[in-house]
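Two complexes follow with chain A in common, the first pairing it with chain B and the second with chain C.
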Partner chain A sequence: MFRKVALGSLALATMTAGPALAQDISIKLGVLNDRSGVYADLSGEGSVVAARMAVEDFGAADKGIKVEIVSADHQNKPDIASNIARQWYDADGVDAILDVPTSSAALAVAEITAQAGKVFLNSGAATTDLTGAQCQPTTIHWTYDTAALANGTGKAVTEAGGKKWFFLTADYAFGHALERDTTAVVTATGGEVVGQVNVPFPATDFSSFLLQAQGSGADVIGLANAGGDTVNAIKQASEFGITQAGQQLAALLMFVTDVHALGAETAQGLSLTEAFYWDQNDSTREWSARFEERQGAKPTMVQAGVYSSTMHYLRAVEAVGSSDSKEVVAKMKATEFDDPLFGKGYVRGDGRVIHDMFLFEVKKPADSTSEWDLYNQIAVISGEDAFLPMRDECDFTE
Partner chain B sequence: MGQLLLGLINGSFYAVLSLGLAVIFGLLNIINFSHGAQYMMGAFVAWMLLNYLGIGYWPALVLAPLIVGATGIVLEKVALSRLYKLDHLYGLLLTFGIALIIQGLFRNYYGISGLPYQIPEALSGGQNLGFMFLPNYRAWIVVASVVVCFSTWFMIEKTRLGAYLRAATENPALVGAFGINVPRMITLTYGFGVALAAFAGVLAAPIYAVNPNMGADLIIVVFAVVVIGGMGSIMGAIVTGYGLGLIEGLTRVFYPEGSAVVIFVIMAIVLLIKPEGLFGRAA
Partner chain C sequence: MAMTENESGQEVRFLKEVGMPRLHKVIFLVLLGFLIALPFMVYPIFAMKVMCFALFAAAFNLLLGFGGLLSFGHAAYFGGASYVAAHAAKVWGFTPELAVLAGTLAAALLGLAIGSLAIRRQGIYFAMVTLAFAQMVYFFALQAKFTGGEDGIQSVPRGDLFGMFPLQDNIALYFFVLAITFGGILALYRIVHSPFGQVLKAIRENEPRAISLGYQVNRYKLMVFTLSATFAGLAGATKSQVFQLASLTDVHWSMSGEVVLMTLLGGMGTIFGPLVGAAIIVTMQNYLATFGAWVTIIQGVIFVLGVLLFREGIIGVISRLLKRRL
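Now for the complex of A and B:
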C-alpha cells in the first residue's frame, strides 16, 4: 500500500509540476474552529490534522512552498471568531483561514477576510448566505450547505412517499434556515408541511415535542437541528416507538460522528445526506485510514473538506507562483479539480464549490461489520442538483 | 394528559438531582457546582462498566453511584473539608472549577459527540395507554426516582441517623461531644449526595445523549429548582422538582419557545415574593 501512495503522490507531482519549481513562497494557514464545544468532534483538531495531511501530501516543502499552520478555538461565537481573524490577518500574517463551523461565525470571518484581502476556505458552516446575500469575492465554500442537505434528504424522502412533514426546529438562525430550505424542496416535490415546533436550543428532552409530531399525522418528522440535539431526538424517538408506529425520521444535518454516538442499533434506517463518507472508494478509504491513525477516529465530511480545499488552494498557489489572494482565488475558480475525496468538481464564480452529494441510509446492526461501518449509499445527487443556482443577491459576480 | 405524564418524568430527573444538591447544601453548606459533572460521570461510568467489563445496566445502577460517590468522598476529604470555615463562595468556586476539569478530561478522552448506551432488554418497548404510548423505561424512571426521593427524605427526617445529621449541622461541637464522629458523617453525606447525582446519570444514559456536557446543560435548571424549593430543604427540592417538570411540560405544548425559560421566570417571581424559597425557612 505504501508503494501505491508513493506512486500516487509521484503521479500527482508530475501532473501538477507547473511553471516554477524552485520558487520560494511562504504561506500561513489558520484553522479556526470549535475545539472544545459541540462541533469539536466534527471539526476541531481533526481539521488541523487534515490540513497538515494536505500540506504533506501536496509535498509543499519539495516545491519550495513553506507552509505553516496555526489553529485557534472560536467557541462557536462570532465575536471571538472575528477577533482571532483580525489578529491573524493584521498581526500574524495569516494568508487563509480554514474550516470555521457555525454559520454566524463563518459570516463574520467571511467579511473580515474580504476587508483584509485574504482567502477564506470554509468547510464547516452550513448557511447558503456565504455564497448568497453575504457572499464575498474571497470566500470559497467547500463542503455542504443547508440547500444541499434539503435537496438530498428532503427530496429523496418526499419522493419515496413521505408526503406530509412535521419539523422539529432548533430555535435559532441555523434551524430556521434548514427548515425554510427543506420546506421549499418538500413542497416543490409535491409534499406538504403539516406543522412544526420551535425547540429551544440546546434541548435535552424531546419527548414532548415528539409526541406533538406524532399527533400531527405526519409521515415524516424532519429534524432541523444538529449535534447533541439530533442525537437526543433520535434516541428518544426510538424509545417512544415513533418509527415502529410508521412515522419516519429525517435527520437534516447529521455527521458520521453523530451516527457513531448513537450506534447502529438506534440509528438504523435513518436517511441523511453527506458530501463524503470514508468507505466510498479506495482513495477515501486509504486517506481515512491514514487520518484515523493520527486522529483516532474516522474523518467527517468537514475534515475531508478542509483537506481537499487546502489541497486545491496549494495547487493554485503553486500554479500562479505567489500567495497573492486575488490571483490564487481566480486560479482556484478557473481550475476544475478531480479530488481523491470529493471526486470531480469546480469552484463557481460566487465561491460555491460544486461537487456530488450522497444520500446514505444507516445500516442495520447485523450488516455493520465494524464500529464505523455505518452507511449504505442510496443515491448520488449531482452537484448541479444539490446546490442552489447562482443568485442575483450575490452582487460581486459578473 | 400525555404531556403531563412526560412533565412528571422530566420532573423525576430534576427531583433526584436537586435532592442531591439540597442534601449537600443543607448539611454541608457547600453549593456543589460539580453536581452536573458528577451526574455525567454516573452515565459515563455505566458506559465504561458495560464496554470495558461487560457489566450491564442493573448492576451499573448500583455500582456507578458507589464508584462516583467514592470519588466524591475523596474530593471532600482532600479539598472540600478545608473550606467549611470559609465563605460559601469558596466552595462554589472550587466545585465549579472541579466540574470544568472533569468535563475537560472526559472531553479529551471521549470526544464531544457522545457514546451509545442502549435501554436494558427488560425495559424496552412500552405500553399503549390509550392517550399516549408510554415507554416502559420512562415508567421505570418515575418509580425509581419516587422510591429514591422518598427513602432519602425518610432517612433524613425520620430516622435516628438523620437526626444526628441534622443536629450536626446545627451544632457540630455539641454533637461531637456526644461521641459522634462529625467529620466522617459529613464526608459520607457528601458522598451520598454525589451518588444521587450519579444515580440520575445512570437513569439518563439510555435516553439522553451520553456526552461530557450532558450535566452542564441540566445543572443550571436544577439550581433554579433548588432555589425555588428553598436552599437546603429536602422536601422542597423533591416537590418543586416534580412540580416544575409538570409546568415545563405544559409550556412545551402551549408555548414551546418559552419552555427553556419558564423555570427561570418562576424562580424570579418566587425570589421576589418569598426570597427564602417555597419550602425554605427564613434565615
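Now for the complex of A and C:
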C-alpha cells in the first residue's frame, strides 16, 4: 500500500516537474539508407553522423527536446525499405525518416510516410516524382533531383559551347528519365543530340559504346547512369583518352566520393552538378572539417542534406512546440532558411526544397593541392532555374 | 489407425489412409493456434512476410523435395505473380482475392509454359534451363512499361475483400494472408500424400523403373512443375498485397537462391521443414538488417554449417531422431 502511494506521488511529482523544462518533446529520427552497397559511401554511416551533428549543433538537449537516432540498411531495395519504414512507424515510434537514396526505395517510403502521417526528409534520392507524379504532403525533398542535375549539367555545358551531345544511357527507367530530362534541356538551350546508345545495366565493359560515342562527332558525352556504371565508364573513357582528344565527359549523376575514388588523374575535366561542395566557403569548410574528423572523409551533398534537413526540422519542432507532423511540416514550409551549408533557401508547397545548385569541373591533378581538392566551381544555377516548377495538385500549403 | 512406422508398412499406410496421421494433425493445429496468436505478439507485417515465404518455400519443396527437380528459377513465378497481382489491384481495380487469383493464374500459365520445355532435360541442365527462363522474366520486368522498371509497382491499394471487408487494418489483412497461406500449405500437404504424390516419389527415387511400370513420367513432372509454380505464384501474389509493392527483388535470381536455402535449411522433402527454414531466414533478415552486408555473410555461414552438420535440414534431423515423418 505504502509503495503504491509512494509510486503515485513520484509519478505526480514527475508530472508536475515536467513543464519546468522549456519544452518536453521526444523525437525519434530514423536514418534509412544504403549501408553496405554502392551508395554506402555517399550516404551510409556518414548520413547518421550528419544527423547526429545536427542534433548536437542545434543543442536539442538544452532546449528540452530529446532526440534519438536509429538507422537501418535498405540495401537499395524498395521492399526492404518499405518493410523497415512500416515497422519504424507502426512499432518503434519513429517520427521522421531521413536520407533514403535510391529512387524506388524513396518512393515507397514516401507513400508509407504519408499513410502513417509522419515526416519524410529525403536527401539521397534523385527522382523528381517525389515532388511530382507521386507527391505527398509529408515529403520534403532536400538536396537535388534529376531535373536539377539536367538543368545544371545540360544547360551550363551546352551554353559553354558543348552543342552536340551523345548519351550513354543505362538501360532502365532511371537512365531513360535522366536522358530524357537532359535532352529537353540541351535542345532548349540550342544544342542537339547526335546520338545515344542504351547500355545494359549494370555494365562493366563500356569500350564498344565509348567507341560509338567517339565516332559520333559529339562535343559532349553525357553519362546517363549512376554509381558503379558511371565510375566504370569514366575509367574506360580515360583509358581511351577521350577527354584528351577533345571530347568532354558530362556525368549526369555523380558525387564527390565517386570522384575521390577515381582520383583527379582519371576524372579530370569532367563536368558535374552538385548542391554542395565542402570547399565553397568558411562555413562549409568548418562543418566539413568537423565531419571529416568523425567520419574520415569529406561529406557528400547527400550527407550535408541530411544535416541541414534535420536542422530545419528540429527548428520547426522547437517553434511549434510539438512533434505533430502536420504542424511541423507546415512550419518548415513557412520558414525560409539561411543554412550554413546550402545558403538561403525555402521549402516549396510540394516539399521541394529550393536552393542554389552548382556546376563543377574536376581539377587537373596539377591544380589539386590535396586529396579532396577536386572541383573548380564553373557556374551557379539559381534554385528557381534548377528545379522543375511546382505542379498545382502538389501544393499542400493551405 | 495404423500408426506403425516400419518401412514396408509405411507406403501402404499412406495409400490406404486418406486422412492425416495424428501427429501431423496435432502439429497443424498447434501451428494454426500459434499463427492466430502471432499478430498480437509480433509486428503483423513481419508475420505476414514469414507466412508468404513459408508458402513459397513449401511450393518449391513440392518440386525439389518430392519431385526431385531442382529449379533455379522459382523467382519468376513468385515475382511474376506479384507483378500481375499488383497491376490487377492497382490499375484494373481488382479486389484483393481476385488480384491474388489473377497473379496465381499467371504463374500457373508461366509454369506450364516454362515447365513443358524444362522437363525435357535432367539435373544441371534442367536447373540451367529454369534459370535462363527466370532471367528472361527478370529482363521483362526490368524493361516492360507496366512493371515500372526498378521502381516496381508501388502503392498498390489494399482494397476490400470481396468488395466488402476492408483490409487496410494490419490485423484484418493478417487473417486474409493466414487463410491463403495456411490453405495453400494444407493443399500442398494433400498433394504430397495423394496417389499423385506417391507416383512423384517413385519417379524421384527411380525414374526408369517408374517408366517401366507404365507411368507417363513427363506428364507427372509437368504437372508437379506447374503446381509448384502455381503455389509459388500464390505466395508472390499475396506478398504484393501485403507490402503493396511488386519489385525487381521478387524476380531477381537471388530470390530463387533464397528459396533453395530456406528449403534446404529447414529440411528438403519434409512437410514442415520449408516453413521452419523460411521463418529462420526471414527472421534473420529482419532482425539483422542493421548489420548491413553481414546478413548475407551470416546467412552463408549458417548455410555451410547446416550442410556440414545436419544435411537433412533442421526438421529432417528432428524427424530422424523422432523416427517420425514430419
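Here is the rule we use: the second predicted complex is superposed on the first by the 370 of 398 C-alpha atoms of A that agree within 3 Å, B and C clash if a C-alpha of one lies under 4 Å from a C-alpha of the other, contacts with A are read in each partner's own complex, and residues count from 1 in each chain.
One rule holds for everything that comes next: a contact is a pair of C-beta atoms (placed from the backbone, for glycine too) under 8 Å apart; a residue touches a chain by one contact, two chains touch by 3 or more.
Given the structure is predicted, the values throughout are model-derived calculations rather than measurements.
S.K.: Record, for the superposition on chain A, whether partners chain B and chain C clash or fit.
M.R.: fit
S.K.: Check whether A:257 is in contact with chain B, with chain C, with both or with neither, and answer first, second, both or neither.
M.R.: Touch partner of A:257: chain B, not chain C.
S.K.: May I ask you to decide whether A:245 touches chain B, chain C, both, or neither, giving the answer as first, second, both or neither?
M.R.: first
S.K.: One more residue to check, A:107. First (chain B), second (chain C), both or neither?
M.R.: In the superposed model, A:107 contacts chain C only, not chain B.
S.K.: Please work out whether A:231 is in contact with chain B alone, chain C alone, both, or neither, and reply first, second, both or neither.
M.R.: Only chain B; A:231 stays clear of chain C.
S.K.: Identify the partner contact of A:87: answer first if only chain B is touched, second if only chain C is, both if each is, neither if none is.
M.R.: second
S.K.: According to the stated criteria, A:202 is in contact with first (chain B), second (chain C), both, or neither; which is it?
M.R.: In the superposition, A:202 contacts chain B only.
S.K.: For A:77, decide between first (touching chain B), second (touching chain C), both and neither.
M.R.: A:77: touches chain C, not chain B.
S.K.: Applying the document's definition of touching, compare chain B and chain C: which contacts more of chain A?
M.R.: B
S.K.: Looking at the overlay, does A:36 come into contact with chain B only (first), chain C only (second), both, or neither?
M.R.: In the superposition, A:36 contacts both chain B and chain C.
S.K.: State the minimum pairwise Cα distance, in Å, between chain B and chain C in the overlaid complexes.
M.R.: In this superposition, no C-alpha atom of chain B lies closer than 5 Å to one of chain C.
S.K.: On chain A, which stretch or stretches are contacted by chain B in one complex as well as by chain C in the other?
M.R.: 36-37, 40, 171
S.K.: Please name which positions on chain A make contact with chain C in the complex.
M.R.: Those in contact with chain C are residues 35-37, 40, 71-73, 75, 77-80, 82-84, 86-87, 90-91, 103-104, 107-108, 111, 127, 134, 171-174, 201.
S.K.: Would you tell me which residues of chain C are touching chain A in their complex?
M.R.: These residues of chain C touch chain A: 43, 45-46, 49, 142-143, 148-152, 154-155, 170, 243-245, 247, 249-250, 286, 289-293.
S.K.: Taking the touch rule as given, give the residues of chain B at its contact with chain A in the complex, in rising order.
M.R.: It comes out as residues 2-3, 6-7, 9-10, 104, 107, 111-116, 118-119, 125-126, 132-133, 135, 137-138, 206-209, 211, 213-214, 217-218, 249, 252-253, 256-257, 259-261.
S.K.: Can you check the complex and tell me which residues of chain A touch chain B?
M.R.: 36-42, 44, 171, 197-200, 202-205, 207-209, 211-212, 214, 227-228, 231-232, 235-236, 239-241, 245, 257-258, 260-263, 265-266, 297
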